[in-house]
Amino acid sequence: QRRGIPEAILAEGKSVAQVVELAATALETTDRALITRASDEQIDALESHSESTATTLERRGTTVLMQTPDYEQLSLEATVGIVTAGTVDGPVADEAEAVCADAGATIDRVDDVGVAALDRTLDQVERFREADVLIVAAGREGALPTVIAGLVDTPVIGVPVSSGYGYGGDGEAALAGMLQSCTVLSVVNIDAGFVAGAQAALLARTVSNARSDGP
Amino acid sequence: QRRGIPEAILAEGKSVAQVVELAATALETTDRALITRASDEQIDALESHSESTATTLERRGTTVLMQTPDYEQLSLEATVGIVTAGTVDGPVADEAEAVCADAGATIDRVDDVGVAALDRTLDQVERFREADVLIVAAGREGALPTVIAGLVDTPVIGVPVSSGYGYGGDGEAALAGMLQSCTVLSVVNIDAGFVAGAQAALLARTVSNARSDGP
Amino acid sequence: QRRGIPEAILAEGKSVAQVVELAATALETTDRALITRASDEQIDALESHSESTATTLERRGTTVLMQTPDYEQLSLEATVGIVTAGTVDGPVADEAEAVCADAGATIDRVDDVGVAALDRTLDQVERFREADVLIVAAGREGALPTVIAGLVDTPVIGVPVSSGYGYGGDGEAALAGMLQSCTVLSVVNIDAGFVAGAQAALLARTVSNARSDGP
Amino acid sequence: QRRGIPEAILAEGKSVAQVVELAATALETTDRALITRASDEQIDALESHSESTATTLERRGTTVLMQTPDYEQLSLEATVGIVTAGTVDGPVADEAEAVCADAGATIDRVDDVGVAALDRTLDQVERFREADVLIVAAGREGALPTVIAGLVDTPVIGVPVSSGYGYGGDGEAALAGMLQSCTVLSVVNIDAGFVAGAQAALLARTVSNARSDGP
Amino acid sequence: QRRGIPEAILAEGKSVAQVVELAATALETTDRALITRASDEQIDALESHSESTATTLERRGTTVLMQTPDYEQLSLEATVGIVTAGTVDGPVADEAEAVCADAGATIDRVDDVGVAALDRTLDQVERFREADVLIVAAGREGALPTVIAGLVDTPVIGVPVSSGYGYGGDGEAALAGMLQSCTVLSVVNIDAGFVAGAQAALLARTVSNARSDGP
Amino acid sequence: QRRGIPEAILAEGKSVAQVVELAATALETTDRALITRASDEQIDALESHSESTATTLERRGTTVLMQTPDYEQLSLEATVGIVTAGTVDGPVADEAEAVCADAGATIDRVDDVGVAALDRTLDQVERFREADVLIVAAGREGALPTVIAGLVDTPVIGVPVSSGYGYGGDGEAALAGMLQSCTVLSVVNIDAGFVAGAQAALLARTVSNARSDGP
Amino acid sequence: QRRGIPEAILAEGKSVAQVVELAATALETTDRALITRASDEQIDALESHSESTATTLERRGTTVLMQTPDYEQLSLEATVGIVTAGTVDGPVADEAEAVCADAGATIDRVDDVGVAALDRTLDQVERFREADVLIVAAGREGALPTVIAGLVDTPVIGVPVSSGYGYGGDGEAALAGMLQSCTVLSVVNIDAGFVAGAQAALLARTVSNARSDGP
Amino acid sequence: QRRGIPEAILAEGKSVAQVVELAATALETTDRALITRASDEQIDALESHSESTATTLERRGTTVLMQTPDYEQLSLEATVGIVTAGTVDGPVADEAEAVCADAGATIDRVDDVGVAALDRTLDQVERFREADVLIVAAGREGALPTVIAGLVDTPVIGVPVSSGYGYGGDGEAALAGMLQSCTVLSVVNIDAGFVAGAQAALLARTVSNARSDGP
């Protein structure tokens, strides 16, 4: 029995009926369903399902978390810092936050500290240092994870965001920049908030276990 | 004072004299120098320097670790698993191993368990589960990190290796595959053994600290 | 007279009138018409045509098979296994299935055995071994054909599916991964269910003939 | 026990010592070793090994086949046609031929029938029809597999060759052309003669078995 | 005064008002306006303009030719052959035909002779030989211009068409294939029917002048 | 019997022996051999062959023309203008010139008139107008064919040259620029001097025939 | 306090509410707000806000400039020349013009002087020489900045525009061409009128300061 | 007569004889020759020429400046700041420095202030502010120009350097990052130190003239 592995239903590319069915199965077997990249139509159907079955449903942008009354919320002794460069990076960070919260981690969210206004970034260094792991989402040239990783020892997971235009504007400039970073980063795919959140959750669980087990 | 941040000198693109000078400075200020992607000529010069200054020098492929007699080896209470798919992935994994060892982590190295011979992969699942974090290096289609991450809850860092030929053979097939993984991975650049090792070292330090601090 | 060559009308990029006309001609000359990638509007028009001419019409997703009462269904003594990694790969596999069924092969369809849940894949190995040829459709990183081809001697045709997002998400990660596979595969273009099905049908016909002719 | 799966040692990217060791192991366990993409230096070492151990060694370009006196040559009741467009496609086709011959198939090799001289192509149509499966290697625009597959019902495996220059000259024009073919093809990676040969060998084995089993 | 240079207004990316204004100016100064890639809305506006000013308007797909009563139609003593591989290549060839007709060349149009049905191609070789220059439009793998150029001495201009899907399906496979052609071709951009037609018109004018001037 | 089709042996990717054999065959059957992209070693071997067989051999850069005493030089009543932007475009233009000269066209060569010094370009407009067809070779941004085609009615064939560095420096910037040209051009592959020359030769032959036949 | 740095709100990818809020904040803190790439819906909301707060609002295409009555318009003693190749480049140049005007520079706008009609370009050389810095926007092959920079000593900033189609038609041909320019240019991203305008404004301010300070 | 336009001979791709001849002509007509990207062999030949003609020769890496005794060194009242991120960016910055020095600008060079050690960058902000224009060269992810441009009002020209490895390591990550910068930059091609230097020289000349002319 694998506990703590973050699982989600990727709604994109599935029909409304398929998404509802997958969510219903997840609720039946695990008392919980996390759905990402859901369309309005898919979310409406999930809400109907939720109402008719008395499960709770929480929506954050295109991410939906459903739980039955039997669900026991996990709780980890570990903090995930989630940082965005600008307004447009919000939805991707939201996806990551939903997964980490679902996994029971404490979240410390810091928004709008992109490198164009470096003072705001530098002001937050202490908060960045207190997290066990950092998720940093940034579009355009994606320099923020590099700059933060150069300031702190906390491990940083970079998330490139498709918020630019022109050459490299679909997130490939940010992805390439993070892969080439002259500081130490690991990276997930463009807009892959879910994957960053899930990887951070796995790390938070490892740290939490270490903390519980003690020396 | 930042302790435990993995630092290294990337020898590629620098002259022999530049590499030796940078290593000498590192030895003076930190009693240690880690040099990656060194050419034979650069390594010869580092060996001469080592002999004339009575520092130790250890070489693993193109990676060189130098320490003065004053260097205090760090020691972490955490294990990094390092896994390769095939023979050609060895040198990239060696680079990661050098960094993690230097950072004081326990290393568990598992070689040649690529998905073409799935039995060998499955045989090692228990070892994979015991690591605090896994580095998995694979070239060609780079499927190994995906398969391992589907079998265990340990966080996996994938390292694409440029060991193929034809379309995507310079490591881009493996990179794209790891970024698209249907299991949960974070990724570093093609052949970036150092970055994977350094990120694993940061994670190992976090876990080790958690273990020391206890509940 | 070439018998058994799979032929189809690719509806994409053609007007409704053109598709109906091409189908009518095919029905007149061969008592059969196979139309792929048809839009709803194109299918409506084909249905009208079918009703007014008393041909049968069978629809599977965007693939349409029409036959006159005179059509003699081919039958081959050979089995094509058709395998999908996940829900979103279904329509592409459906296209392949329509062509193979039309060619008279026995179909063995296995769905949802992607590598993220390797147990389900391993459970089906015996079925994979019994097919004469396997079509394996997978999106994201496209690792399933590689894993299956490493487990069985049956020839595998990989079909990359455009079901991802971010870098390589339009099917190019899966395509590159299958071309770089460290096991033995041949490959068709992204989403090219028709081509995979037609190639499998040619192989099934060759095997069926060999079986009929005997030793 | 998997019989008949084509296996080979890809020498590229390995040291001389590693290649010899892998070959020695293969000879010990299977009485046979097939080495592809070997350098002159690697081949010299294999020849030394061969002489000192009294195994036979046969070389075709950069492909080497070694067998112990105990090796029992397989024999299949099936023919693989191997076709090249031009002189420069020869070595890639040779690699395919080595694998198929090793697997026991009958080979029918047709060289230099590229589409620039279409008469020569058309002259061979009957031979193409008699093969159970065709491997067609072509560089530049890679049109030959498309043209042949339009003329015969025999299944065709296209092998793009990196024999061009300028835009797409590294084999990507040929690869893209084969993937976009308006006739029915499956494809392997650029210059992947081994994969094409191994896939053809699997198909030949399937056909041969069907022929033996009879109706 | 430059006579005979083909000029056209590219409607794509311009507002309705801009297109009408540019057409009006062309009609005033040259008694003629050729508009390509016009949207339905742009064509409606051009038709209104045409009616209110008593100019003639001829539409071929998205290409529109307008002439005042004063326009003197040019006439060249030269023939442009225009060939398509399949139905979907029609609109691109139409654009080329509009330009050549406007320039006064004789047009010989041959449709649907793609290489998947090589007999139909071979049947037309004599017609291809009689043209002074050939425009050959083909999508998918774009092999038709290569095959035709290998059969005749007439100069061939290849036009890649964006009629595929998957890897290279936006016309890049066809473009790359034509640039790599092992026969002699010159090429225009993807879907650039206008450019092919205009280049053919320049050549036809050169040939026509040579014919008029005589030996 | 196809007369006047330019044929050449592409030496690149062939062994010395293969090139000599292909040249010998061409000399025997057509009294002439044109070899392009020959290495020094290949040229040495061709020179030895030439001496031992009393054929003439003329070398222009990496292009070699051999003729037996029986060869009847063709002569066309048509002029091909060959224009280069800078010094580094010379060898590509030389290849084109060799083919056109071999085909019997009159050559008018104009060197070093790149757009950075526009006066020199403008000074030659009259010469450009007198050619029947123009070949314009340019690297870097490849703007010269566009500028010339805007100044004259003569048909222009653009040849992109791989003379840059950085992004697009392998000739792809020039290729893309010529394909996007806002004037009328047809284009050949990067560095494809032979193809440009051969296409110009076909056009020159057509014009020459028209001139001979007269009105 | 940084004065004169051009700042703008990039509306693309933001919600209507977010854009209005960011504009309101900018107006409060700096008495001015510049919004780029605004949708019709976003502009409507900004107009409502403007009316209800008695700020002025000026719209140029998708660029919006809002100012409170307290705003003190800057004025620079420097001229920015803004040049377009064709009609479709207008909106990108408008964006640049809005920024430069906002920064207080004198603007000299020259439209429709693309290289296809070189006379019109040459006619304006004196105006180009009188500017302190030139912004030159061009799509398709993007040759205009190269040609202008070869004629004058004024520094030129090239702006590639995504106005083409086919290979490189999304602005990448123009971008690559400007980066490869054989004259001296610096470049901004595709369609990045704002960035070109802002860079020119910084330069204009530097020149204006130099002029004010005197010798 | 164009004064002050930076001109140089790009040695790459030219023969030794061609480079010497071009340098000799430049010396004769302008008393000066600037040669970039020269090989050792080319530099040797230039040195021989220099000695035999009593011109001075100064070499900085692969850049060579030659002057006759008659040459009058220009002098500008303007400062160009030249900044590098790391050791490997040095040669590219050297090329820029040679051009600016030749043009008569004052140079302020700041090395090794890459974002991985942000303190060192922040320490230099005042120097950055005092320059009239800044050239900032950076490889890997190329974040330095973005960070500096966010801190100062001085116009910044970014130069991407090809100093990475893996995905985007040939300078394309840095180029894309600079084009996507969320601060204001203009950019030159990868490794194009000459172009950055020449553009800065044009700007310095404009500023210097403004300073001389005064208010």
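The letters A, B, C, D, E, F, G and H name the chains in turn, as written, and every chain counts its residues from 1.
What we mean here is this: contacts are C-beta pairs under 8 Å (C-beta built on N, C-alpha and C of every residue); 3 or more make two chains touch, one makes a residue touch a chain.
The shown structure was predicted, so the numbers you read here are calculated from the model rather than taken from an experiment.
Looking at the partners of subunit B and subunit G together, the chains they share are A, H. Matching residue numbers shows that A-H is the pair in A-H, C-D or A-B whose interface repeats F-G, with more than half of the contact pairs in common.
Measuring from the averaged C-alpha position of subunit D to that of subunit H gives a distance of 52 Å. Separating the CA-averaged centres of subunit B and subunit E is a span of 58 Å.
One simple way to say how far apart two chains are is to compare their mean CA positions; for subunit B and subunit D this gives 37 Å. Subunit C has its Cα centroid 43 Å from the Cα centroid of subunit B.
Looking at subunit A, residues 166-167, 169, 172, 175, 179-181, 189, 192 sit in touch with two or more other chains. Taken together, the chains touch in the following pairs: A-B, A-C, A-G, A-H, B-C, B-D, B-H, C-D, C-E, D-E, D-F, E-F, E-G, F-G, F-H, G-H.
Within the complex formed with subunit C, the residues of subunit D that make contact are 2-6, 77-78, 132-133, 153-155, 157, 175, 179-181, 184-189, 192, 195-196, 198-199, 202-203, 205-208, 210-215. Subunit C makes touch with subunit B in their complex at residues 85-86, 114-118, 140-143, 146-147, 150-151, 164, 166-169, 172-174, 176-183. Looking at the complex, you find that subunit G touches subunit E at residues 87-88, 163, 165-167, 169.
Put simply, subunit B touches subunit H in their complex at residues 12-14, 18, 22, 37, 160, 162, 171-172, 175, 189-192.
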